[in-house]
């Protein structure tokens, strides 16, 4: 594993050392995995279905624990787990709350005032294009809309570490590209650390400052690739040759890892 | 408006049909009133003793309502406490079963010694009898929270209090209401039985009315008092049902038509 | 416990405040007490008496000092004393025990023994001393013994059904409904504890002798008056107990007279008790193994 | 093995600690045994009357178990019937509350008239008292099935029977078990109370034992009989709990540690 | 709306006439929508998130009913709703059954014998690449694995009409392409009618014999496009110019519909 160049500077924000995760029933999901992410990096994670990507994020979030190895989160820039947000693979909304109250939840748990909560939640909902559905309940939303609510809920806290598990998987390509671009702009502005699981190579290339590709279970890192794209990116970059080149690198690694 | 009418007429029709059938059977077979009174006999007894029935119902209602209220309160608290840690559940949940299996007659002397005859003791009876279903259903509800949401709360560092009020309790509500439905009927029976053992004739509730009418072979009056108790239970049940419907209608599958 | 003793000995301005707990609703079996209350006999003795009627637990309440006086039966008193509960009998309303077994006339029984020795069903409350007595005396018992449920529906419905009764209550109700009840008094079988006994706690008696004496004196007057003319008290009790009709009140008051007023009481006064009868009872209970520690007859009662 | 030990020791420890505390308090305050007996008094009474307690427990157990079994059966059937159509639920669900609010003393004469004194009547009492929680929880469970799965079954043209056995019942199981937990305790108390009104002295169960001991102020024996009833309830509860755990452990959040 | 050339021949297998669907609360989702699908067609449905694609499939399946308009399903080739299978947008597995029993469910509901059920289910599970997870319970599966179980459950019945709502959305690109190819081969062999909702234009082009693109809510059909690709397709076709051309057509319509 090559050490990544430092983007945010300082010590790694997330570091995993020799992680092994074996579930009850003997399913060995991760084996001796090492990964360190600098503060301010945007790391894309790719890999075949069932290879352990979600497991990896859960370990980082502290929602699951490795059978052996060490998980360390925090650095000078990002002191603790306090500033984590997580977009789960499933939306996991609270069925008894409407969209706006679902989105406002993290602020509520932080103890922010009702009016500020509302405002921030409204802004986040608008960004994901759900302004006209903000009073609806989850059972009145389409699949993609639910996922967008979950996204808004993660972004509303302005987290320092953002864990995203296929957040755009159920969206149409246009909405998805729009959100990709918004997310990239946000990252450029705020430089939070992002771990982004995706199945779309284009998306990974467009967003990430670094990408890792995992192999079939037990998941190992078969590629750890620093992006060659410039930091300034926009819709236009998708047609540049260097973009295509990057995509090819990831595709190959994926093919190799899925073999 | 049309909605609530739809809820009211089916049981009403059932009620009327059942009573017509009953009246017919009793009349045809010529069963004497002291054995099984016809609805009309019961109705007559109820009219004759209207005032007594009313005050008895009032006394029993008070105890049943207070007992039910206590059950809701304590049942929620205990259910929450039990669900907070697995070892607490293991250590104490089995003992809450005691509450259900202790015959009131056995603890009545203690009740009476501590609380005297009357309202307080009868209320406690209603409370003891109706407590367990609230505990059991609250606990079950709190244990079935979507694990994804639990993770979310953990992640955002939500303390136990916030997790309780914003996640576990709302998620447990459908279960809690099932518990309350059961508790509503039990509170009434608890009050009635409580009167047998710890009531006072000076504030005669339905339980003692049943006993003294029964002793004097006024079977129609017995049935009228039983009917009053049932109506009381039904009223409590309807309140619980309606609140449940109202609180869950937006999101829970069980509240949908 | 000390607290209750204190409160029971406090004297309010217009006399001692005391509480009497009856074990059922106002009925002729309590006629004397209501008469005393109604005619102000207690007041005349500077007593402020509250009468409460509750279905159960008189023993415990009196023992715990929650009430100064209560109504119990002699066998209950002996049992209580043998458990170390300091309760003393003061005034026995019923010289002859009013409990009986009610059967159907049509079965042609001559004595209680016939009831027990014939097939059929007998309903009694669980734990009654006299049931043990009868079972021992009239073996082999062929009747099925079941719990009494305070109702006479079963009796009315089946001809081979017998049940415990108060001679002043169930038989009257059954007759009103057209049944043919025949009653055998338990007393006739040789087991005859006093009943309807006014009791108090031993230490209350010791510390408030005067109050107790006054209370019993007023009670005795009340009973005298009720026996002579129950009409007014019956009407008053009838307004408190509407489940029993006026006719039944009158009939019951009449029926209990011979059980209350005997040659004994005519000589020594209503409610008085004798040592021999207590002695007999204690012996019987001991023989039945109802009690392990036998109290002495003398400690069980006083005739104030 | 280690697992079941983990389940057993916490309540055991609690049990022992509570009893030590109780013994201490009673001894320190010098509470007389006729009021609140110390555990040691109760134990002594239990040893003295071992045989009677055992046969009484056997009689009560039989009725409680049979009544519980009937409740499970009938409760499931009624719950299923009620859940099959909204109008059936509306028309009949409220009346099932009657079952809970009718005091047994009031219907005992009828019971005895039809079934005679003894096991049958006592069983029916246990049944009546424990039925409603099974109905209410079954119904609630059947109403909370994942709508997506319901659609799936509809799509594949699954008939009502298949939908019931393959979807609704399995999905309702967690709720049903909550109902059974409540019913287990109620069946015991139903049997005990049933004996008060419909038992027989030749087959004296715990209910009559409690009553006669209570009348004779043998409070330690009363407590011993109550303890026996509670243990019976506890045993039934443990069986239900364990079966629930065993059937749900694979998939339901509530069964996880 | 141009009439499609008949592929399976005969009357339309699915026909929607003047469909309007308005949810409680006044959300107008579909308005006066007309669509007819011939037996044997493979219809791809594209459109922005929340435009009514899932609603459309539910109407066809008879799980929802229009406020006005007529839904008709069935033709000489496909007599009734008996032969429908549906891959929902969420996996909706039965949590109390392991993978193999979940997949076998439709056969069980049809009353097939246990051994035949097992066999067919096993084959279907192998096809979606879950052979080694067939004894696991849903809570032990990754997101993509659950979706594949749901897919296997739909295919196991060999349906005449297959409704698929973003079945491959949560899969990595390689697994997805493999399944795309398998699905196409299956369709070529069995010629069932397929309504396939997807957000991936490439996928739509690769699979479909016809594609429709819907507009934002209220959803209308803004493009109804017969594929120009040859019937013989394989992985190679993705790099042909005609494939790119097809993609461009759909992209344009999507952009137009999302405006």
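Note that the chains take the letters A, B, C, D and E in the order they are written out, and that residue 1 is the start of every chain.
As a working rule, a residue touches a chain if its C-beta (ideal position, glycine included) is under 8 Å from a C-beta of that chain, and two chains touch if they have at least 3 such contacts.
No experiment lies behind these values; they were computed from the predicted model shown.
Peer 1: Mind listing the chains that sit against chain B and also against chain D?
Peer 2: C
Peer 1: Greatest Cα-centroid separation from chain E: which chain?
Peer 2: C
Peer 1: Would you kindly tell me how far, in whole Å, the mean C-alpha position of chain D lies from that of chain A?
Peer 2: Inter-chain centre distance comes to 50 Å.
Peer 1: Centroid from C-alpha atoms only, then distance chain A to chain E, rounded to Å. What do you get?
Peer 2: Averaging C-alpha atoms per chain gives centres 28 Å apart.
Peer 1: Taking the mean of the C-alpha atoms as each chain's centre, how many Å separate chain A from chain C?
Peer 2: Going by mean C-alpha positions, chain A sits 84 Å from chain C.
Peer 1: Two or more other chains touching the same residue: where does that happen in chain C?
Peer 2: Within chain C, residues 60, 64, 149-151, 153, 157 contact more than one other chain.
Peer 1: Which residues of chain D are in contact with two or more other chains?
Peer 2: Within chain D, the residues that touch at least two other chains are 35, 105, 113, 146, 196, 211, 214, 252.
Peer 1: Would you mind listing the residues of chain A that make contact with two or more other chains?
Peer 2: 90
Peer 1: Dump the list of chain pairs that touch, please.
Peer 2: Pairs flagged as touching, ordered by label: A-B, A-E, B-C, B-D, C-D, D-E.
Peer 1: Spell out the residues on chain B that touch chain D in their complex, using ranges where they run on.
Peer 2: So the residues of chain B touching chain D come out as 6-7, 10-11, 13-15, 35-36, 86-87, 90-95, 97-103, 105-106, 109-110, 113, 132-133, 136-137, 140, 143-147, 174-175, 177-178, 181-182, 184-186, 188-189, 192-193, 196, 207, 210-211, 214, 222-223, 225-226, 229-230, 232-234, 237-238, 252-254, 257.
Peer 1: Touching chain A in the complex: which residues of chain B?
Peer 2: Contacts found on chain B: 146, 148-149, 151-158, 162, 166-167, 170-171, 173, 248, 250-252.
Peer 1: Any idea which chain B residues touch chain C in the complex?
Peer 2: Its residues touching chain C are 34-35, 49, 52, 108-109, 112-113, 116-117, 196-202, 208-209, 211-219, 221.
Peer 1: Quick check on the complex: what are the chain A residues that touch chain E?
Peer 2: These residues of chain A touch chain E: 23, 25, 27, 46-50, 53-54, 89-90, 129, 133, 136, 140-145, 148, 165-166, 169-176, 199-201, 251, 254-255, 258.
Peer 1: Show me the residue ranges of chain E that touch chain D in the complex, using the header's touch definition.
Peer 2: Residue positions touching the partner: 58, 61-63, 81-82, 84-86, 88, 90, 92, 94-96, 105-106, 108-110, 137-139, 157.
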